[in-house]
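Listed below are the structures to be examined.
Both complexes shown next keep chain A, but they swap its partner, so chain B is in the first and chain C is in the second.
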Partner chain A sequence: MKFMPLRALARTLLKELGLALLLLLGVSFVVFIILYAAPGDPFSVLLEGQMPSEQALAGIRVALGAQQSWYGQYLSWLHNVLGGNFGTSVRTGMPVAGELIHVSLNTLYLTLGSMLVTLFIAVPIALYSSMRGHSVAISWPLTMLGYVFSALPVFWLAYIVIYVSVHGFGFFPLSSGMGDGWLYTLVPVLVLGLGSGTISEVIRYLREEMSRVMAEDYIRTARAKGASVWRHAFKEGLLLPVSEIFAAKIPFILGGAVIVEQIFNWPGMGRMAWQAAQDRDFPVIMGIALIAAIFVRLGSMIQRMVFTAVNPHGARD
Partner chain B sequence: MKKYVQTTAAVSNFSSLPLYQRFSIPDLLYVGYGLLIVGLVLVSYVLGAFNLLPHDPQQINMELLMAPPGTAGHLLGTDFMGRDIQSRLILGIQAYFLPGLLAIFIALSGGIVLGVLAGYRRGYTETVITYFTNLVDSFPRLVLILLVIAAFKPDIYYIMMVMGVTGIPAVANAIAGKIRVLAQKNFIEAAIALGLRTRVIILKHILWYNCRALLIIQATLGMGEAILLETSLSYLGFGVQEPTPSWGNMVQSGANYFMQGNFWPSTAPALAILFTILGFNLLGDGLNNILEGKRSR
Partner chain C sequence: MTAPLLKIDNLRTYFYARRKQAFVRSVDGVSLEVGRRETVGVVGESGSGKSITAMSVMGLISSGPGVIGGSIHYASDKVQRNLLDGLENFVQLEQSDGRVMAVSKDERGWQKASEKLMAGMRGREIAMIFQNPRASLNPYLSVGEQITEAVRLHGGITAAKEARERALHWLERVKIDTPHLRYNTYPSGMSGGMCQRAMIAMALSSEPSLLIADEPTTGLDATIQSKIVDLLQELKSETGISTLLISHDISVITRLSDRVAVLYGGAVVEYGPARQLLDAHAELKHSYTAALLASVPNEQKIRARANLQAIEGEVLDTINVPPGCRFYARCNRITPEIRDKCATLHPELKEVAPGHQVRCWRFVN
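Up next is the complex of A and B:
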């Protein structure tokens, strides 16, 4: 690389970090407000099955520092969260923070892996049909296949894969963790990559962008002077769209992960969120929403960085 | 970032061509298939309202469990409780349709307001709206829904309200982008110069004449997403509850039998989901190509 635009990169990083912090503050506020507006006192969940007197309730409120106004509660909660204290799980009575880091890494592995699977399938198809897209006989079946995969319910796909691997290959792909060998972890990754419903959108977006770039003047010039068209088209035609769709699809794939984790017993954030929603386990689900939002913001930051690296001048506006 | 290049040449007008040349054949097929799926919604409501379903979808028949498709009287077979799958599939359409409409309504109306504000009024307003859309986009939809379920109750209408709110940014961004393009065109300038009221320009010239297609497309795609979400949540046990049939809880209740080799009770609703979402997506894309004057390959 001839000129590494370090200053532009640093400027973008700072700007995006500031924006991400601002947004995460908003996210924490929204999460708090939703749970604050929930019917019933959160402490009644804590004391379920007991019949506390009014006096005991008030005592608990004072002990937990909850007799403040709503913004007082928000600030003290935020203060705890910033210190890494996400509270204790209502169900297990354990601190949420340690568990959260563990499960979020599992989910990160699942999400990134499935995204790679999606790209491995989508990029060749998109490139092929943007280069040779005029032949209907080739591009139409591929497009149709993309549509079908994006409409496929992921839970049913998972059933088929489980059935086939049990009866066809004789192994049971329900893992209890990532230590069970890579083959076990590969099956859920493949299922989510194929069935998350993003493939057709990725194909369509990459193909549109690539076709647009191939029609640009500078590609015509490159072709005319005999330079490598691919090298010229790569940045704008593939790198940028891939990073854009990568950032845009993270929330969607995290949602798909809830279902896949549930089916494959994957010890990740989605499964934990499902469990927490059933138990009304507020601290857990608050923590998960925050971590998920951090993932989304990270993806968007990576996308902005790629954009700046490719086009340092364009990032200034 | 998208670069918009203003072309001086008028957009070519297909209207002088006969219908079959104006639109590509695949697009017409897509839209036709999509309309067929929309028609099934009407069929479901009519059959449900006039009690014309082949069987009572709740009726348990212990003598005829897991009947294969093609059994006499049960065209698509029965499930593990002997309930008629065909009737349950037809009734399952109602599980997604009205909640889905609610989600679309919220997403479109919120998206229109914010999109117009962001596109028409620059500066401070736009910054605030961009912050809001980014904020909503920071939540994975399913995680936000699980949060709301934990806080309130697992009700499909609550879920679809959240779905609607999380759908606002996409619509708002699309409309704001469109308005930014339109604002450079002469007719808006002319309308302002003629002294038309802002309300008229926005409602008539921008939204009605130029954003119709975009809104229809967003609505059909939104319905596809709503079905995916409704079935997923019913599958997870948070959406429509048994014994009311939803395609999601039908797949789930057939799961154990699927692993034993009885594929049909899970597969029938899964295929229904597949073909319905496919229908709405194709409808959206076909309409997009036709109304926006793009030729699909």
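Up next is the complex of A and C:
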């Protein structure tokens, strides 16, 4: 019965996928160039403290394919990636692909979880203060609270939370794996959700959007015909802004995840990237850059899909 | 004689201009009636309180203090009630010389009680169409869905398929071509005139007793305007619906109205049968009505290449309402005998002919 714009959705999906491919190509190229131009190489890390003979060095160079020209290296990397081979880590000698899947799932959990925490706090406050804008007595302190949370630096908040949970509740929220202690994993999620600095912005954006929509002519029509204002305001006032926030904030949260993963020893992309950057572990860095770009792209793809589903003919932009 | 369908009595709706720390007296004592099967036109310049009157009837004023007094008696076959019944308990007015100086209103209590009184009214008993039809339809729902929603809310039809049939029926009745195709169209895909037709279909689909048309032709092309007026006229004779027609366009008012109320500065200055009131040559007339009529082009004036007459002066500043006649500063018919009264005393509505009232000292002996 309900009219679903399947064709428009499929078209958007295809367009977004094509765009994503181009973007990933660009990202990988830029990251590669930066790595290539940056001082230091994996060998100095790999052979630290050793005095290799010229012959051994040359052997390693051949093994790592480093004697090719820079574009040759990039092209062979690209060729391998298209075949599903992300190379082997210079540091551990293990294939990168399996490790990447593992850490990216962990980071996905952390990112989505903290996004949910942010939204769970921000959406009610935003809705309340846009609906009852007049009753400053409650909406103002709530908004203030959002600003206070945003002002807390995430590394500070993380240490405070560790301190409190160790001394106050007697448990140590540093999980080395994702095993049985799923409760422990909530702590970093909460910390990132509260401290990523996005809450106040999300509150402000959602409130403005909702207030703007509530003043639209078609909401007046809805009220005049005795229909639920909510039903009519939901799409433009909540669904679209939330999906926009979702897409726009993923890069920020990924950035925050690097810090949180370090502090909580969370086996995610951020920690792995940090380690790999110190080791000049090119294949790992390239892989993580690619995955991060995929995350960001996925966010905006979801946003575009929501937008298309809600608004199949581009009634408004 | 049965009670009129809608009887607005001494309605007052104020707003507070925070910057100027003063009241905007948008509607300041409006009284008018809409009988059954009757179309009452409300005419006046922008800012004369026409739309605010309509929104007050619907209970849709949301900024403060809003409606602060009066009564709105509604009496259809199904519902008889005063839509402002008991609401005066939530308002305290401080008056001096009959003018409101301060208002304290229990906004929440008022809203709650008003919502209770408006239950089953909006959409079901009183439907409303607006200017700017394209913005008035939800851009995220297809036109058909929006009409079906109204049918299911008020038409007593809950089955999805039946409601859809009914919506299609109404799309046909407002003369939208290929209703089956248009059902799934979004407002962005239709012209303004077509959107207004859809709005009319949506309003009438729940078979209300009263239709409030708030500037239904404003913002549409001239040719489309005329077609919308034709449609309203036709539907009126088919369904016998009562209409409160708000417009600043005298030609629209002329074509549709049985009776006309002329609003100026938040009050009715003339009220009477359309034919009498809109006759430019009739003598018994408020000078504002005369000026309004003189500012409208017609065939005669165009042939004679006569200049249209603009009304001199500014629209009444409803913040600093003068004590005398509200049109005093712009009136061109003041005679020396009544000048003092015009400047200092607000005239009452006075019957000058059966059913024809004018608020002017010239007709008070």
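Here are some notes:
Following the convention adopted for this analysis, the second predicted complex is superposed on the first by the 282 of 317 C-alpha atoms of A that agree within 3 Å, B and C clash if a C-alpha of one lies under 4 Å from a C-alpha of the other, contacts with A are read in each partner's own complex, and residues count from 1 in each chain.
Note that in this section contacts are C-beta pairs under 8 Å (C-beta built on N, C-alpha and C of every residue); 3 or more make two chains touch, one makes a residue touch a chain.
As the structure is a prediction and not an experimental result, all values here were calculated from the model.
Because the two structures share chain A, they can be overlaid on it, and in that overlay chain B and chain C fit beside each other without clashing. In the superposition on chain A, A:L22 makes contact with chain B only, not with chain C. In the overlay built on the shared chain, the residue A:W274 is in contact with chain B alone; chain C does not reach it. For chain A, the partner that touches more of its residues is B, with chain B and chain C as the two candidates. By the touch criterion stated above, A:Y147 is placed in contact with chain B alone, chain C being left untouched.
Contacts of A:L82 after superposition: neither chain B nor chain C is touched. Of the two partner chains placed by the overlay, only chain B lies in contact with A:A292; chain C stays clear of it.
Contact with chain B, but none with chain C, is seen for A:L35 once the two complexes are overlaid on the shared chain. In the overlay built on the shared chain, the residue A:L254 is in contact with chain B alone; chain C does not reach it. Of all Cα pairs spanning chain B and chain C in the superposition, the closest are 8 Å apart. In the superposition on chain A, the residues of chain A contacted by chain B and by chain C overlap at 134, 314. Chain B contributes residues 1, 26, 131, 134-135, 137-144, 146-152, 154, 224, 228, 231-232, 235-238, 251-252, 255, 258-259, 266-267, 270, 273-278, 281-282, 297 to its touches with chain A in the complex.
The touching residues of chain A, counted against chain B in their complex, run 19, 22-24, 26-27, 30-31, 34-35, 37-39, 133-134, 136, 139-140, 147-148, 150-156, 159, 162-163, 166, 197, 200, 250-252, 254-256, 258-259, 262, 270, 273-274, 276-282, 285-286, 288-289, 292-293, 296-297, 307, 314. Across the complex, chain A is touched by residues 58, 60, 64, 107, 120-124, 127-128, 130, 132, 135-142, 145, 149-150, 153-154, 160, 184, 186-189, 199, 202-203, 206 of chain C.
Across the interface of their complex, chain C is touched by residues 1, 3, 134, 216-218, 220-227, 232, 235-236, 310-316 of chain A.
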